[in-house]
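Letters are used for the chains, namely A, B, C and D, taken in the order the chains are written, and counting of residues starts over at 1 for each.
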Amino acid sequence: MYRLRRMSVEYQKSRASQGSLLSHLSWLRWALLALVLLALALLPQVADPYTIALVYTMFIYVALAQSWNLVGGYTGLISLGHAAFFGLGAYTTAILMTWANVDFYPAILASGLVASIFAVIISFPIFRFRGIYFAIGTLVLSEALRIWMINWSLTGGAQGINLPIANTPDPISFYYVGFALAIIATGVLVLVLHSKPGFGLRAIRDNEDAAQNMGVNTFMVKLTAFAISACIAGLAGGIYAAYLGTIEPYSIFSVDWTITAINTVIIGGMGTLIGPIIGTIFTTALSEGLKNYQTIHLIITGVILILVIRFLPAGIWGQLRNWLRLPGSTAREARKV
Amino acid sequence: MMKQTRLFQLIMVGLGLMMLTLLPACGGGASSGSSSNAPKQIVIGASIPETGALAAFGSYAKWGYSAAVADVNKSGGLFLSKYNVKVPVKLILYDDQSQPDQVTANTQRLVLSDKVNALLGSATPPLVIPGAVVAERNHIPLVAGMTPIRAFLGANPHWTYAWDIFFDEFDMTQQQFLTMNTVQSNHKVALFTDNEQDGVVMGQLWTQNAPKFGYQIAYHASFPVGTTDYGDLIRRAQASGAQIVIAQMETPDAITLWRQMQTLNYRPAAAFIEKGAEPVQWWNALKMAAQGTMVAGYWYPTLPYPGASTLRQRFEKDTGQTYSQHIADTYTAAQVLMDAIVKAGSLDAQAINTAIGQTNKTYVVGPVDFAKGPAGHTSPLPSFMLQWQDGQTQIVYPQNKATARFIYPLPPWSAV
Amino acid sequence: MTSSTLLAGAISGLLLGGLYAVTALGLSMVFGVMRLVNIVHGELLILAAYLDFTISGALGIDPLLTALLLIPVMFLIGYPIQRWLLNPLMHQGMEPPLLVTFGLSIIAQNLMLLIWKADSRAITTGYSDVGLQLFGVRVPLLYLVAFVLAFVLIGGIQFLLSHSYIGKAIRAASQDARTAQVMGINPEAVYALTYAIGAATAALGGTLIGMSFSFVPTSGLTWLLKGFVVVVLGGMGSIVGMLGGGLILGVAEGVGAAITGTGYRDMIGLLIFLAVLVIRPRGLFGRSRE
Amino acid sequence: MLLELENVSKSFGAVAAVNQLSFSIAEGEVLGIMGPNGAGKTTLLNLIMGAIPLDRGTVRFAGEQINGLRVSAICHRGIGRTYQIPQPFKRMTVLENLLVGELYGGRRQSHRTAHAEALEILERVGLAERRDTPATSLGLLDLKRLELARALSLHPRLLLLDEIAGGLVESEIEALKAILIDLKRSGMTMLIIEHLLSVLFDLSDRILALNFGKRIAEGSPEEVIHNELVIKAYLGTEATRGREELTTIQPGYADSGQVPAARPDPPAPREPVPTQTNGQAASANSAPATAAQNGTPLARIAHVSAAYGEFQALFDVSLDMYPGEIVALIGLNGAGKTTLIRTLTRGLPLKGGDIFFKGQSITRVPPHQIAALGIAQCIEGRKIFPELTVLENLELGAYCKRARGQRQQTLRRVYDLFPILAERRDQLGSTLSGGQQQMLAIGRALMAQPELIIFDEISLGLAPIVIDDLYRAIVEINRQGVTVLLVEQSVQRSLDIAHRAYIIEHGRIVLTGTAEELRQNEQFRRAYFGI
């Protein structure tokens, strides 16, 4: 696969962006990428329903992880509140499909929209905090929202909402929807990161004050990233809700969604494009391996998370990259960040 | 330090790669399902709350399902006419920790990975419905008990693959008033209902029914499951002067409520603790404080149904616990499902589903007929009123079924 | 709602505030000294509750006495966490340690799930259900006990910090670790000690939670969040402030619940938290270092 | 006028960092700003950039009032700024660092032109071949280059340079100077803050000298450097200063009614030091000799070299302190004084060499046990604990076992030395004035009952007469037999009381000798003033 930061440089060098990608990535890498995508596209034809469902959930996790990666990994905003975006997305789809008989596809699009609107609204108070204050603020916000939804009878309170399953796609279609979402999530990151905002984001992550001095309107840039991130999480939530067929606030707004996203990204490699994907494969494999020991699986995940933070700050992918001496590897400063 | 770090990094990455290689293995591992013409076994699965707030119900479901399956297997399994052989039944149970999303995950796994031929329900609407939805989507028949039928239908009026055998809230929410009519009271009721499916549905029904029977809902508290401090609600109920408390909540919450009522010295003349006071845990936690509390029931060992009394003895012999009516409906649910499989004579989900629909027979829990429900797919069980007396539940209404004297009014807390 | 229910809410809330203060104490100390947000604090509380539940149940000792036994236990659980897990990360900014405690909470939660299952528990004693009349309002005896204990514990900690040499060392390290080092204070040791003390306070906090409410392995988050609110309201750094913060939160919840209904109870605190944060970002955790 | 400041003021708490300051820069002009540490130079830049709000006054850029705008907006108006300590975007490559400026500098432009221009700038500052290196892996010179290049990537109309040459060695400085001169030729308007007067004078058309946030002189380099006040501000001898001059430097000082003490009696060293310690009669000139005779130094720094990451701060530095001596370590800031102290107190690991205290190597001792050995220090910037009382601060000074026992006696000694501390014993440290805080810091160091005390820049930002008191105290302390290492910028003062001195430059000891010897030394004066 390819490396982002280097790409952006190449990108600048070349006449046009597409050209640069091609010029930089050896045909081999492209072939590899194409091969993987093709394999995933054809999977439903060959695999059994279980595998399909498994890969489908992995798509959702990749999307969620990339969404967190954009703010956590690239902008340095440690959000502990992504569950809120996910949950809002889920409820939007549920409500639209149940009460307004909106079709599945427009419904999930709305989910993305609602989530980002929410992000924009909360950004005004929440961006006044930096670092850990931001982390706590987002956590508190999403918990408050959860409690609200548990009690709000208009959205069914604790009993939640039962979607008209008849109007939701079949597992195979869900697979492709998830597939599309994962690609979009990753694609959006690619686009954002080597267009102008990409520089702003990483500048803010590395040194917010210096970034301001370089003319970066940090608020607007952060807002953009936050909104996009929320949108992806919202889409994921919407799709997931339709897939479940019935949602209730306890689990759909549960902090577990945030935990999953963070685990995945940190284990895979913060601030890298491939990291979250690797992380998803890793965590899924782990939970599959231990599927008969739910709690033990989570304990191990926690242990791994700590070990990674302690000894592998660049994450699995980041570390591999450094060892394989892939361009622009962050070996030197990884621990300092 | 640095060296150590590098070492760990190696280990970590190694681990990572191991995982990556592990994944496809798992994907593959998830396939089975014999294609030889006669199936080796019939797989029935259920997600049940073995732990968590609803664990009490889970334990009965576990016993009820297992007992029914064991009985069938004793006689060599189920006869499938299509293959003209008896095929043993394999029952797979997963714990859902009383969490709806866990039910979904478990049921997904049962259907996709374990390739079950049919499903049994979890306990109570919040857990049964997510499972039913999965069954519905994957066209696998599911038979459930422990789910009041209107809550069940509220989730989806047009079930095609999910079936429910339990009491009808409409009928059940009259028992309290009928019972009270046999004694003197100020006809003022304080309602405590959680905001889960059945809590909401029954809350509404009580509010509707009360006037019909000449009772007044003096105070209605609605709150989320897991609420820890009921002080404010109790004070309001007390202030409303209600002599009758009707609650609909999970057992741990009910226990908390009852304790805090004692702390705050609110003592109604009669208390109906629906759902919460059903399992014996209620009595075990409160002992004499629970004396005289009532809960609507739909089954009793002395009822004239086949094997009723023996089922109770069997349970208490197996487990050493006091029985609960839930052993009956879960046992029955499993029986109904397996009878349907025999009727279908094959493992074709469609056929089994149809067969379930045609069920019309009196089981240990009573007559089962899915045509009787307010809408299809539900078979209502007639309810009556039980009262906790010295660690046992006794029928106190209707009088013709009564097994003991009706303790009324409750003695003041000081006397407990 | 009638004024009487408001009054009742206020009074029982006020008493409850003491309990809140105790549960937030450890969080506040750790944040004050190390600028570390100890996400796992909630789990420490619940862990203490379970330990007390099990021990007092098994040995038939009064839960509050058991809590005394638990203090050293929790201390020993806390110390290594800081010494060997967090200290090495302290110099890497605030996020890595935060995320480690995050990981710890996942581990702790599931360990408890493994050991005690998901069933909800409550520590009960002869006097758990006893209530008493206070200003014409009936309140649980336990709230009053918790209230008194809160004053005792917080007074004790305050005394330790202001009058003992080690206490002064802790305060010094919290204000300027490098200078403290020049004085001969070993910040790493001080940090570990502070964290351990914080964990030790969880022994009492957890027990009180367990006695006053029912709890499950996942209850930690609720109490962590309440802790944040108290720390924010109390103004980080001043231990006595914790008491203030706790009481404010207690009353706000009590009155708020009387108005909005019990369900929203936990949300009230969080809204206060956000409001305060927005009005004084950074500042609210006491003096901010910039 | 491109940039105009109109009586701009900013104070932090009681300290006035910038005081009623007005000046302006014309298009194409280069204004140099000089002044001792704490004169408020960097604060000034922050005020212009809007990084911190100003209390009073206005800042106009190209006629438009810009104070109150957000930083990024001010930057868009066309002001580029470099940081004293380079603040690159660590995980981005050199080129990407510039692209941030190119893309966000407030000018619409395509990525392609941005890229081209960035490369151009890199060529100009000589970073072209490093363009794809992540910024963290750059050495100090390249980091400084990057700072400059990044500011240029904004294509600013005005460039604010903060200590751009600080911490570099001659050759590097020349390299950088070349770039700046080239810039100047191209007509760039610049505001330069610089300690290295050589750089400052070669570049500036006009120089503004600040002290205590106030203008003390303005004019051509020539005029400014020969200005009495400037010299004094740098040399720091206040004693001969007449009252009226004092007031110019010390706003509000005169009305406080205090008149600076007459020149203190010929300071300590010229009298025999009481010999209760290792009985040596130290006098300025004889100290090293006698010390040499009666054997081993108390502390010896032997061929020490140290580095911050890529950047080597000390090269083979050796320094001896004999019992009962006052040794001065003199050098500009960035010369390596503080670094040397940090190696001595184990705050910074050595790259080479060894450090002995009382004959024992202490390079293995963990930092927090240094105090226990008998080494105390007054850290640069006082660093008292703001939210502990004066008494608590002092008590903590006696934290280590060896001192805790007799802390009551020591406390009395400290109170005798600084009576004011006794009066204020229950106040919070933060409520003390700068001078009192410094006294507290000294007292705190004494509490450890040390054999060696290190005073790091204790006169920073303090009023001259206060400094006098402190210096008298130091002499007194030394008289009581404590060996003193005095780290200073202000030469005159330190030489007045020191027996011997070391001059450090760019991380190397360039000169050493007795106070007297140094006074005579021509090279030394040059080394210090750069003229």
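Please note the rule applied: a contact is a pair of C-beta atoms (placed from the backbone, for glycine too) under 8 Å apart; a residue touches a chain by one contact, two chains touch by 3 or more.
Every value quoted in this text rests on a predicted model; they were computed, and no experiment measured them.
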item: Comparison of A-B and B-C (more C-beta pairs in contact); value: A-B
item: Most widely separated chain from chain D, with each centre as the mean of CA atoms; value: B
item: Intercentroid distance (Cα basis), chain B paired with chain A, Å; value: 37
item: Rounded Å distance, chain A centre to chain C centre (Cα mean); value: 33
item: Whole-Å separation of chain centres (CA-atom averages), chain B against chain D; value: 76
item: In chain A, residues with contacts to at least two other chains; value: 150-151, 310, 336-337
item: Overlap residues in chain C, where contacts from two or more other chains coincide; value: 113, 261, 263
item: Touching two or more other chains - residue numbers and ranges from chain B; value: 99, 195, 222, 224
item: Of chain B, residues touching chain C in the complex; value: 51-53, 55, 97-99, 195, 221-224, 226-233, 235-236, 239, 252, 255-256, 259-260, 262-265, 289
item: Chain C-facing residues of chain A, complex; value: 78, 80, 125, 128-133, 135-137, 139-141, 143-144, 147-148, 150-151, 255, 259, 262, 266, 295-296, 298-299, 301-303, 305-306, 309-310, 313, 335-337
item: Interfacial residue positions of chain A with respect to chain D in the complex; value: 5-6, 8-9, 11-13, 15, 196, 199-200, 202-203, 205-207, 209-218, 271, 328, 330, 332-333, 336-337
item: Chain D-facing residues of chain C, complex; value: 165, 168-169, 171-172, 175-176, 178-187, 237, 287
item: Touch list for chain D against partner chain A, complex; value: 49, 51, 70-73, 75-76, 81, 83, 87-93, 95-96, 99-101, 103-106, 111-112, 114-115, 118, 131-132, 134, 136-137, 150, 153-154
